[in-house]
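Shared chain: chain A. Partners: chain B in the first complex, chain C in the second.
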Partner chain A sequence: MAQTINTAVTRTDAPRKVTGTATYAADVLPAGMLHGALATSSIAVGTLTSLDTSAAEAEPGVVAVLTHETLPDYKTVKGFYAGGPGSASFWPMEGPEIKYAGQPIAYVVAQTAAAARRGAQLISAEYEVGTPNIHMDPADSFVIGAQGDNKGMVTTKGDIDAGLAEAAQTVDVEYTTPFQHHNPMEMFSATAEWRGDRLTVWMPSQSVRTLRGGIAAAYDLPETSVRVISPFVGGAFGSKAGITPYTMLTIAAAKAVGAPVRLIVTRPQMYTVATFRPESVQKFRLGADANGKLTAFEHIEIAQTSQFDAVVNPGTHITRAMYASPNIHTEQRLARSDTNTGGFMRAPNEMQTFFGLEQAMDELAHKVGVDPVEMRRVNDTDRHPVEDVPFSSRSLMECYDSVSEGFGWQNRTPEPGSMTDGDWLVGYGCATATYPTNILASNARVRMQGTGNAYIELAAHDVGTGSYTIFAQIAAARLGLPVGACDVVMGEADLPVAPLSGGSTTAASAGSAVHDACLRIARMVATEVTARSEGPLAGLDPAQVTLDDGVLRGPGGQSQPLVEALAATAAGEVEAVGEFRHPALTDQLIRATFAGGYGTAGPVTPEFAMFAFGAEMAEVHVHRWTHEIRVPRLHGSFAAGTILNRKTAHSQLMGGMVWGIGSALHEITEVDKPRARFLNANIAEYLIPVNADVREVRVEMLDEQDDYVNPLGVKGIGELGIVGTAAAIANAVHHATGKRLRKLPIRMSDLV
Partner chain B sequence: MRNFDYHRPTDIAAAIEAARADGAEILAGGTTMVDLMKIGVWEPQALVDITSLSELEGYDVGSDRITFGALARMAEVGDDDALKTAAPVLTESLWKAASPQLRHAARLGGNILQQTRCPYFRDTAYAQCNKRNPGSGCAALDGGETNLHAILGGSDACVAMYPGDFAQALVAFDAEVTTKGPGGARTIPFADLHVLPGDTPHIETILNRGEIVTGITVPVTGALKASHYLKARDRESYAFASASAAVGLDMDGDTVRDARIAIGGVAAVPWRARAAEDSLKGGPLTEETAREAGRIAFADAVPLEGSEYKIKLGADVVAGALMTAHARATGGE
Partner chain C sequence: MTKSSKPPKPGLSRRSFLGSSGAVGAAMGLAGSKAQAQDAPELAAQEQRHISLTVNGQRRTLGVEPRTTLVEALRDVLGLTGTKIGCNQGQCGACTVLLDGRRINSCLTLAVTADGADVVTVEGLADPTGNLHPMQQAFAENDAFQCGYCTPGQILSAIACIDEGHAGDAAEIREYMSGNLCRCGAYPNIVAAVEAVRDGQEG
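Right after this comes the complex of A and B.
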């Protein structure tokens, strides 16, 4: 029974998902429901001067056309980067102002989804058109912190210029990464139903409590009057985290028409009504001595942000933790352009910064003449190079050793262009992956029955990662029950507090709360059965009874399975709310999470720096005639503390690596500069890898013990896999062709 | 999507009658038609679904000609083993197109009449598009993104690129299209089917209103057996060509007797590169002559901003395709 952890357990929700019986938010059909559709702006900057809704209103089936002039009781919330729960600070349809292309300008409600969409197509708008800039100007950048101060956004240690001056070799390079969109398979949707002053919202969400808290406050309702339900999520990747205009518009529309309304955002609209990965420039100045040891490390990140928010996802906070250097300088900068506000997208601080960092390290290794893996080895460190605390655990070089062996790194001949296979040039590249271990407060309620069942309830989410399964595993292991006997209920704001599902925290934080609830159950049962006159544990001091893989054990070798002991209690059933409060969590952080925010301690606490690590290796082929770039092999070894479920963890890491292939070679949101619109807002033209692009992907998960991060020893793995992939591929492209490509994506057009 | 009438005639006369009405459009697999209707680019008043016209189904691989019904599916033809041997360029250009789902839905008649992927054509938020909205201008040429546009055959009014693959094979190998319309039946050289954009980019073919493509015929020639379709694209499958070449060689010993070259992903219409073909005839096929043919194929290309790479890429793809065709012609593959 104990072996339910660190084994490959098939998802408990898999049968429901593959048979279509899992009820997703947009599957719910409240009686009398109407359908919504958005009309969006064709221009990016300007003012709406007239909006003709007559044709839409005349369309059969259309019930109402709501505009900034006619939509009553529309409420908004503060944006995330201004400390609120919203996806952006600027709210469309509060007035005639247009600040980004594809901004909602009208909301059509109709009896059918087809009529609503047709109505939206029939709305015609006139504008006073301004001149937009869709690309940021990196020269016009500024430093700013998340809450308006610039604390921690600039780091200086030693003297960077002196470090560069003493270096045997230096690189001074710049990398660029494009706008990217999440494109989850499940469309954005919101369904709202008012019953008097009570509101229910069904919506795929990474944070039901953020939604409930924000909506209740906006409408000045007690939280008990607002239900937010999100049982399953068909992919989110950061795009379903905040409260977006489409949610608040649907709530207002349902109120306005006096009937439940459901909006399914169209795929092109998904590119503009929510967040995305902002474009960025990564500047590196590195210096190394003749052995490759760093003498200077400078990283300046310039990321795009909207005109009305400061999107700070500080990637330099991660890169500066990677390698030892006596002289370090980092800066986190932003530059504005005319888009909606960007946000988190799988590894929001890491994907683009590591594309820069890990290529810069490769460039420097090449100049110094050391093997790229050795380059990482000589700069490996057991203390955080800036914060000067030890890592709680760091298995980077174990990852490199493991991946090198399986991949056959020793077969690499260092000279670029020196390896071929028929008409293909062959290249090998490697890169470091990392992901910070975030720590958030969480609660979880576990109810156990003497008949051998357990119910685990918490306001966490399964965004497709396997959370339903791992919570059942944790409870099963602690309580001594089969996984199938542990039912997990999630995705409702009314359940016990759990954090927003983002930053790879759910397993670690919410999982630790489940673990704690199980320990509390054991204590309660022990208290009751030791007080009885009969039974194996009768008469013992309950404080001396411990829980060991589902068995209660006394100090003298007495033992009784927990479920048997529970069956012998008065009620035969027990319920406990577990808590996870890491010592590094301050009251302020705990309160932030309880308020629906993101109160993370870490990755650096006063005692330790906490990161998961990995090493990835790519074999790239470049065709002699077509210049096509293919990735026949991609290997990764990762160390992320305890692996709860080897199957779902493998899928997460592999999925991240596959996405990394896309980031490296395919993904880019194309833009039309003069009119600041996204051009390929659909999944036919926004390229992501197809099956044929993904050949051999091998994932190894190393054993790593970390007693500091949380009682389970778990670090996050949801984002780790994508982090090194693009750089590993870019390095392999250089090795194959001798061409150094410092922008994403790398396309054959760059190689002709 | 705008509401429309739906007809599904079972005989071709009725189909022609229905399709000649104002605002009526022909529907085959619908993968172009319905797609454009959903995004509001096309708003027909009526659709005439021709998929019940069973006489337009099927295909035949004969010894002197290969014939396809207009309703033959991309998938069934692309997967045909006999055709793979007789005319590799035809199967390769089909199975390297789109995705399995699309190839099962799409018919050859619809395939050759597919639409450009110009993003400005596909986004009705742009008022400017001479193809969608005659006389409105061209957003692509008005400072827009032109990396996907035609570097051959474009005009000041429109530089939309013809994105299809199969059509390149058809134009290279002298295919003909048979039609039936209000004016009776006719046979059109495939090379004449599509017309250059000029000042009227909204006129794309010489087909008349109500004229239904009934079939496609490809004569069997020496070069067809030693043919190849090479498609360069950023992902391995389910992507339009950045550049492609449909080629074939008929060798007389070491001498090229006949050469066929058409280039895709680069031109406004299916594009035969006759000068490149001529450069090879009567000489040997070497890596050098193949590369030279590639260069000649693009001699007249006018690159647009962002599409400069296509000239070199396209030339390399032509050369690479010729090398494979040569191997096939000489038993090397």
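Right after this comes the complex of A and C.
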């Protein structure tokens, strides 16, 4: 059997994706389906005093208009950060209160999507208007942990002031990052169909079990009465994890009208009815000796949150793991403002914090007068600087060496503005990337047939990450079958438990469960064939039979391909449920995942700190006269344990780096301050990279072995690529121009 | 404040509304059966027009409202859901189809204006035996997508990009493919796929 792991395998779902036959949630058309549309509030804070729905009701094709007065009842559930399945803890249309701009105030059901949208436009509302603040006030920040206490949110090691006092050079700097929106290309949608007390919901989801659990709780239904289906997801990036108000409203509307209802949220509404990346301030005080070695490391992150949830994405937990320092102080703080609750957006703890950290390191290197790569080298560490456990594997400097060579870092002259190309100022910048290895419990069922097929089933998701393909590869490698003979079924809540697809966990955790199921199959088949009177393994002790790339091997050199052995059994078919339960997973964490939550262990366990690492280098050209900023080259070298599929992994890392270009140069959700509204709420004015913005993006994946993280040795890569990019570009802009830009995104107007 | 503390609106209190939903269901039964009619499926809440167009080589007659967009007619009336909606306002290119050989945003095109036109969607690219179009093959091989949602639009745009003569070099491809957004960031692989097909056609 040809090696299938760590090779470049074309996606098994590619034929469906290129022919338009991959079924996304909004592609289903249940018979008799009606269309929903949301009307949303034009104010941010206040109370609805009247809602006139008569014009909407009179609109031809409109079937019903639901308001907080007419909506069927359901129980509301807690938001994700409060330990619940919701995208936020506040549920609109429970009453007349308005807590954020663009909050749903009415739900129109009509015979066509156009009639529903027209109906929504015809609703007029009057409000008692309050005074909103959309921006947080960093001066009014506080410390709160996920459980409502401060546990782990403040870290102190040594004496930060003493460390700063003894430093040869210090930096005391502040970076700011804006509100950003995920903007997956697939619009948010929900389709609900009731048949008596049984409910089916089609919705693009990163966590079908979270959805099912929350919906069942809201409607007092047994989970067995609720189907949640999401076979293909058109990008998620963190935006499709929890149950959103529009999901619940669509289910309620379908119940009210007695027909299936589909809602496709409009692109502008996508900015307010779900989560986003909160704005943040990153404060750093660093000190270094004359060689660049850190004497003090302080990072205080202040991130925005809503009035009704505490969005804790602890970036300081990641930054404090990067570099050795005898004196460390970190604080994780929040400040409230009048928005819907934010959430996790691709590299939720890392994008904004590494924009800060990796520029601060660059600033300090510049002051000390050491090369920025050397700055990272002298501060590299093989033990977690705060938790004092070793890294399970850490190949940061190998990544720097690899990327430096391919990029030509040695051609960099240190002085800012010293490199030019005609009218273009040229800058080289580098930055560290990392992503924690999160560990979650998972199950997976594998059914294998002696005819040479296997079926892999689990409630995991392929949000573009390649899960369909890598699960087939894992099964193929273990069972000794071609990848094409391994069929993967996912995206349904009824399938065996798999974790939420977020935090770069699916390949590592769910993949390990697939691996385990295959080992169990081998054991079952070995037990049966060793008990038979004939066959190459007959009479052996099954405990002595091992599985090696699809072949069962006895202690004396006897062997039989697993598929042949299976064909010789009575049933000719076997199935097993595999489990992944890392020793670091407590009962409580396992229970949380099985209840549809996010029971993650890591990245630090009592034994090890688990992180993937990378190093990125950007070449930036800034036009001397127009200040236009271009990124002709972006290189990254990454070490993330076993790479399961070199083709899809390359795409994941490349896509992350393209996201980083967006964060660096394009992305910001602008606000209308007096009215606390998001202004550029569409995909033309909220700029994301287009094809012409992306030139050379080079990705190297280093070999790295890590036997601790999971049996496959896999660390997540979905978010790693974005983490260092914005800082690498900002550092390159500084190198090109001498201007230090501490606010995202970097625009040509900042260089004038 | 809770829902029940508000006085119910006349005619649309929760209780009376649920009482009236039978009528809604009946009305929908009608719309549902219309939508299932084979020869002339319809999508209409009000006055409708009948149009006839060629979709992927097949003559189709359907009823639409004047305001129905081509993408909604393709997806909701003809059930051709391969064409995607990424913004519904002409900004992303996910809905790209070929209309009389030219790439257009089908969310910005009213179905009635496509009366008599020849439309090609992603479903019409593979040959009848299922052999993929070279552009589909190149997208698959080059991993020119991740989630796949922008892909039908990208593929049709890419075919048109070459036909228009705008695939001379990578820079030109990047420029002429910039109307098709890909949030997964597959752009370098999309360019590689277009180059591969262009070179195949030349060779």
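Heads up, the rule we're going with is that the second predicted complex is superposed on the first by the 749 of 752 C-alpha atoms of A that agree within 3 Å, B and C clash if a C-alpha of one lies under 4 Å from a C-alpha of the other, contacts with A are read in each partner's own complex, and residues count from 1 in each chain.
Basically, a contact is a pair of C-beta atoms (placed from the backbone, for glycine too) under 8 Å apart; a residue touches a chain by one contact, two chains touch by 3 or more.
It should be emphasised that the depicted structure is a prediction, and the values quoted were computed from it without experimental measurement.
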Original post:
Looking at the overlay on chain A, is there a clash between chain B and chain C, or do the two fit?
Top reply: fit
Original post:
Can A:15 be said to touch chain B (first), chain C (second), both, or neither?
Top reply: second
Original post:
Given the touch rule stated above, what does A:624 touch, chain B (first), chain C (second), both, or neither?
Top reply: first
Original post:
Who does A:388 touch here: chain B (first), chain C (second), both, or neither?
Top reply: neither
**OP:** In the overlay, work out which of chain B or chain C sits against more residues of chain A.
**Re:** C
**OP:** Check whether A:690 is in contact with chain B, with chain C, with both or with neither, and answer first, second, both or neither.
**Re:** both
Subject >> C-alpha centroid angle, chain C to chain B via chain A, nearest 10° >> reply: 50
**OP:** Using the touch definition from the top, say if A:657 reaches chain B (first), chain C (second), both or neither.
**Re:** second
**OP:** Determine, under the contact definition given at the top, whether A:114 touches first (chain B), second (chain C), both, or neither.
**Re:** both
**OP:** Check the residue A:63 against both partner chains and state whether it touches chain B (first), chain C (second), both, or neither.
**Re:** second
Subject >> First (chain B), second (chain C), both or neither touched by A:233 >> reply: second
**OP:** Classify the contacts of A:95 with the two partner chains as first (chain B alone), second (chain C alone), both, or neither.
**Re:** second
**OP:** Enter the shortest inter-chain Cα distance between chain B and chain C once the structures share a common frame, rounded to whole Å.
**Re:** 5
Original post:
If you lay the two complexes on top of each other, which residues of chain A touch chain B in one and chain C in the other?
Top reply: 114, 689-692
**OP:** Would you mind writing out the residues of chain B in touch with chain A in their complex?
**Re:** 1-3, 39-40, 99, 117, 119-120, 123-127, 139, 142-145, 147, 230, 232-239, 242, 309-310, 312-313, 316-317, 319-321, 323
**OP:** Could you pull out which chain A residues touch chain B in their complex?
**Re:** 40, 42, 101, 114, 117-118, 121, 268, 423, 623-630, 665-666, 670-675, 677, 679-680, 685, 687, 689-693, 745, 747-750, 752
Original post:
What does chain A use to touch chain C in their complex?
Top reply: 10-11, 13-24, 26-27, 29, 31-34, 53, 57, 60-73, 94-97, 110-115, 182-187, 232-237, 256-259, 264, 266-267, 463-466, 647-648, 650-652, 654-659, 682-684, 688-692, 694-697
Original post:
Which bits of chain C are touching chain A when the two form their complex?
Top reply: 1-3, 5-9, 12-14, 17-18, 21-22, 24-25, 27-29, 31-32, 35-36, 43-46, 65, 67-69, 72, 75-76, 79-89, 91-92, 94, 121-123, 125-126, 132, 136-137, 139-141, 143, 145-152, 155, 173-175, 177-191
